[in-house]
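Shared between the two complexes below is chain A, which pairs with chain B and chain C, respectively.
Then we have the complex of A and B:
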């Protein structure tokens, strides 16, 4: 009896021990002097700006590296009730498209402008994945300066990568779609009717203005990512393509059948020659071009109706396909411009192509056949070599200044460091969890700044305090200055971060705009001084030319507004001092606030719906007397005869007053 | 009366010519620091102008009811260039007159101009600091906001500093040269009379 009890207890003990016994997994703690390497003392500055895509929030986050501190979220494709972006009359045209006002997009990738393949700190470009668009951000004001819609695109994922001197921003369609006159076709006619397009958007070297120079028609596939050649390969662009199966349903299975898809090599200099020779075809299209002016403090939206197209199936030598294993995702060119690294998401190796070999193969017509009329180069003829057993689910590759590549591994959740020449794997480090993109400061340029690699993860799970079913997004910083990568810091980001670039702080800091000069304000409704304030009625429209300066709004008493009017508050911030914005909000407005920077004019539209007195006030705590910065608008019933008048500081005699 | 030594005459002319810089260099400066202005605010006073963060300072001063500082308010800026021109003119004339009295008159002019400027600055400062708008939002009993004449002073959240700027230092240098010439002339002559 006693023995039975003992055996029973032993059995329970063994079962309990076994259930607790698990194999060791990689540790997840930063070690050594990690804290001191990311500590930026109060009042000190970070070494790099990190310009991080916001994914489905449609915005860009500006972070400091190495501290991981978030400085600002700048709206690009999404409304921002905080700044009034997309709510103020001036910014609404920025989100105009051929479909009308589209208040959201999915912002995936960042490209910082370069000259001679090196960062020049002028602009950042970003793509809108859903309603195909490209945006240009001015890095002096950290504001969206321009948005260009892309015609004949089903989704702008393979974008906004740029050529060495920012000659072009490219935009490759993620989804092929029928284009041309007859678009109402059965989905099952994909092979016959669906086409891909890749747009080359010219960037004016002075103003930064965007214009679609030409659009290449391609066989129907999905374009994923891209990189321009540089140095010796300048003049070429490389795109990863998947779904060369041309599937139109259940892509996860049907687009994963082929052993190899393609890297598409585009000779854009050749395309330019064809354009010069008049081989481009002007075709009808409809797309919006929106430009913001820092002088009128307003955006204008123009609908364009034409695009120039080239058909590489007819015009030879523009594009070539290079076979690439299993649905390639990233397509990255190393700093010397000689190697193209492409990562098949489902491949067990990473092929590295040699630009010199690709050129030789083209010269020798070393083709294995063609795909929809486009020559396909033999895999072996283009190959520099393969990185063997790098990890699972390779996605993207960035480069340091020492000849090493760093590839993100989504499935095995790690960063793998390898040598571009020898293809030898040098180090690997876990990420938490499932890294997507990764970024080394200057990684896509000819001169990487190196020092850190930042991982942008897809899953955070147990890394932070839980916040219900929706968890924070995150990034991680690793020190890459030594032989071994070292985890330094986790930092939360807005979501979802895709690609990001980092640029030395000293390249942007000195030219950061502090104020807008009042004397340069050309807004048609600006009141450049309190003496210029007024209220005008134009039929149903009431225009209030208002000023804001610490700590009053002028006018702050307005009467004569009637139910049914459309009231426009054009508020000019008269301050000319750094960091003195004023805000403006009015009770019951079916609208956001507006935040007005020094010297700027912004307009809030208000539709008064009920008679009475409606307060308005400054929303930005601007001064010691901020709480006093307010006013009243009197709304009279429709058709009433209340006289239109306005004032500030005018005290009228009263019959009785509670204060006396 | 004795003639001046050639070297004295050259030094006097030099001191006068140095003062031409007053037309190109700021004479006085006022600096202000506050927790909200770690970058410092500054005013530069020139022979006929005030420059610097005038608008910012005016915007701040309205809380305590100080008058708006505007260049047009100072009649001094209209005649100051002529006064300085007169002093320079006499400074160049003195070596030609070549008498010791001309040297004393010149130094007298310099000192009078300096003292006059400082008195004028004090009066303006007093007026600005004391004649406050009675409806001002911030009223601290017994508090006035006269800027320091020279040196540093705490005015509410601001630490204010006042002192000569480059042009002012050149002016002082000119006066020192003249004073040294006078000392030199006296010592040389005493030696002559004793030997």
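Then we have the complex of A and C:
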């Protein structure tokens, strides 16, 4: 009997040690004072904002660190059933593309704007991975301010990384595709016809407006991730490339053949010189540029038709390849700007390249050959050194201010801390389970705040109460202020976070927008005061200029709408106090409801289909009399002569005996 | 006592109803909050006792004839930010009608109510009576002191002053 139990236990032990991605039983290694380190007392604030990509939900989650509390889900590339983003007439143009309206995309990476390589708290950028786009988020309003589509891109994964002063946001194509006039070619002609592109998107330093400055044409490979140089390496950009085999089928096998792929080093200052010298080629393209205005409270979408391209195979000294083992994923530059860390997913070591050595190798033409006409620098000539046996499946690296690097290990499910200069492994902690990206506040900048590292894990399994086959995503916070990393907290996240950044709360909190001023509202259908409310008919269109204030809608009685009309409710929230939104919903609306912030105007389109009386109401609990905040719209049959009229608070004599 | 009790119940009700979030001060409120602490609480009490309300406005000088340039500005602000709840006659809708408000209240009280409404509803007995009557907290409409002065002049005109 005793033996049986022992064997059973041994069996369980073996089962656990065999199941991959599961280095430990669900127990916790959080110890000692962990709880007090993440406890944010009621009424107190977190130290950091964590701005977290939502992956396949196309949104961004805003969390507090160290509490791990979720504050907001901010829609970027996807419709929002909370704010009405993408449903209201004003926000629909934000999701317009050259393909038409795309309601949902896949958002992977975040880049927070920097000045001199340090966070400046102005904007966050995010990539649309599927239908290639880059978005700019205003960190005063926490809203998507702008979306720019990328032509000649097969998928925008290597994006939106930024240069030291936010001069450029870059967008490297994940999938190479045929570019130019003849795109209808056999897939098997990859080597001959497929090209990669890297777009350099200029960011206006005042308005933040995005514009594609130029695109680099590259050999057909897959671009994965990237980082800009900083300090001494400012002016350069580094991209990880995989599938240098140029495979077009079963990439799992066929793109994993070579021992080394590449890091692509781009001298973007040189590219700028070529552009200035008129070497760029204007090519036809079709892509959407969508901009939201906080004055008109509306977005516009413009289709652009031209892009400037540079071909580095013809124009020398723009790009160089550095061999890198093996299918590199992350490509990260340390705070001093001297070292480039690239993580080969399939490699058992982490190569660290030296920027000074790369420059010297280029100067001495220390090349081992070329790839599709681009010089390939000798591996040893560029190498600072290798981190030996760091763990399995290195993906991404962040840095602290003490010269240490922290690399996520997907396969062995751990974070490994090592010294950038000595390349010595210093510590390792397990993650639950299978960590993807990781984030240190300020980690990609020249000024990290090495207090915490946050792990965004790919597998959740048994970390939380189960909710059927679909589970919340698992993130974890570790204290890295001491020599040893210490697990503090698990916290659930939505979507599937990829990259995230964290920024000190005091950089964003003081400038957070509280209200939109009515005096600055330039929406063409705004009713700036209850006296300005009205209902107008323009043919089949009916425009209701409506106001909302605690706790009534004006007008709240509308008659004269006919079946077949298009009714636009333009609702202006007259409140000027923080955190007093009003909502608007009307029975049978086929698109959505809307939520209107103080001082804002938003529009819901409604197509009445049947005659009768249709109620509408405020959906956001606003006051003790919120339940009273409602109204009626009368719909008459098509062609009826019912007079168009509207009112609030007007009591008419009862014309019929009903109710008497 | 009975009255005080019902005020208490009402304030509890409103706290329970949610829209009033934990105190977060806007710049203006911050100033007034500090000035309250600086100048000792007695001064506030005196101000409130004199019927001048609580806030930055301690003394308003009214001129006769009316300052004409203020009136259209006051009207414009009224139409944008106040009209939804206040009529110009003596009819109460959401809030009290404005007819004769300048005869019932001191000018300082009116301007403090407009610019410092949260503090007024918390501390000023007259403001609290109105809350009890209307059952709706007057919203902070983000009105500056200068704008409140324009509104006051428009109110005086509405009350028949020349």
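Keep in mind that, in the parts below, the second predicted complex is superposed on the first by the 627 of 660 C-alpha atoms of A that agree within 3 Å, B and C clash if a C-alpha of one lies under 4 Å from a C-alpha of the other, contacts with A are read in each partner's own complex, and residues count from 1 in each chain.
The working rule: contacts are C-beta pairs under 8 Å (C-beta built on N, C-alpha and C of every residue); 3 or more make two chains touch, one makes a residue touch a chain.
What you are looking at is a predicted structure, and each value in this text was computed from that prediction instead of being measured.
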**Report entry** chain C versus chain B on the shared chain A, clash or fit after superposition
**Finding:** clash
Report task. Based on the superposed arrangement, let me know which partner A:455 touches: chain B (first), chain C (second), both, or neither? Result -> neither
Query - Touching partner for A:532 - first (chain B), second (chain C), both, neither - result: second
Requested in this report: Could you say whether A:169 touches chain B, chain C, both of them, or neither, answering first, second, both or neither?
Outcome: neither
Query raised in the report: After lining up the shared chain so the two structures overlap, which partner does A:51 touch, if you call chain B first and chain C second: first, second, both or neither?
Result: neither
Query - Touching partner for A:624 - first (chain B), second (chain C), both, neither - result: both
Report task. Classify the contacts of A:549 with the two partner chains as first (chain B alone), second (chain C alone), both, or neither. Result -> both
Query raised in the report: Looking at the overlay, does A:576 come into contact with chain B only (first), chain C only (second), both, or neither?
Result: both
Query raised in the report: Of chain B and chain C, which one touches more residues of chain A?
Result: C
Requested in this report: Identify the overlap between the chain B-contacting and the chain C-contacting residues of chain A.
Outcome: 549-551, 575-578, 623-625
Report summary line: The answer for chain C against chain A in the complex is residues 13-14, 17-19, 21-22, 24, 26, 79-81, 83-85, 93-94, 135-137, 139-143
Query - chain A residues within the chain B interface of the complex - result: 549-551, 575-578, 623-625, 628
Report summary line: The residues of chain B that touch chain A in their complex are 39, 53, 55-56, 59, 62-63, 137-138
Query raised in the report: What residues of chain A sit close enough to touch chain C in their complex?
Result: 43, 514-515, 517-519, 528-532, 547, 549-552, 554, 574-580, 621-625, 649
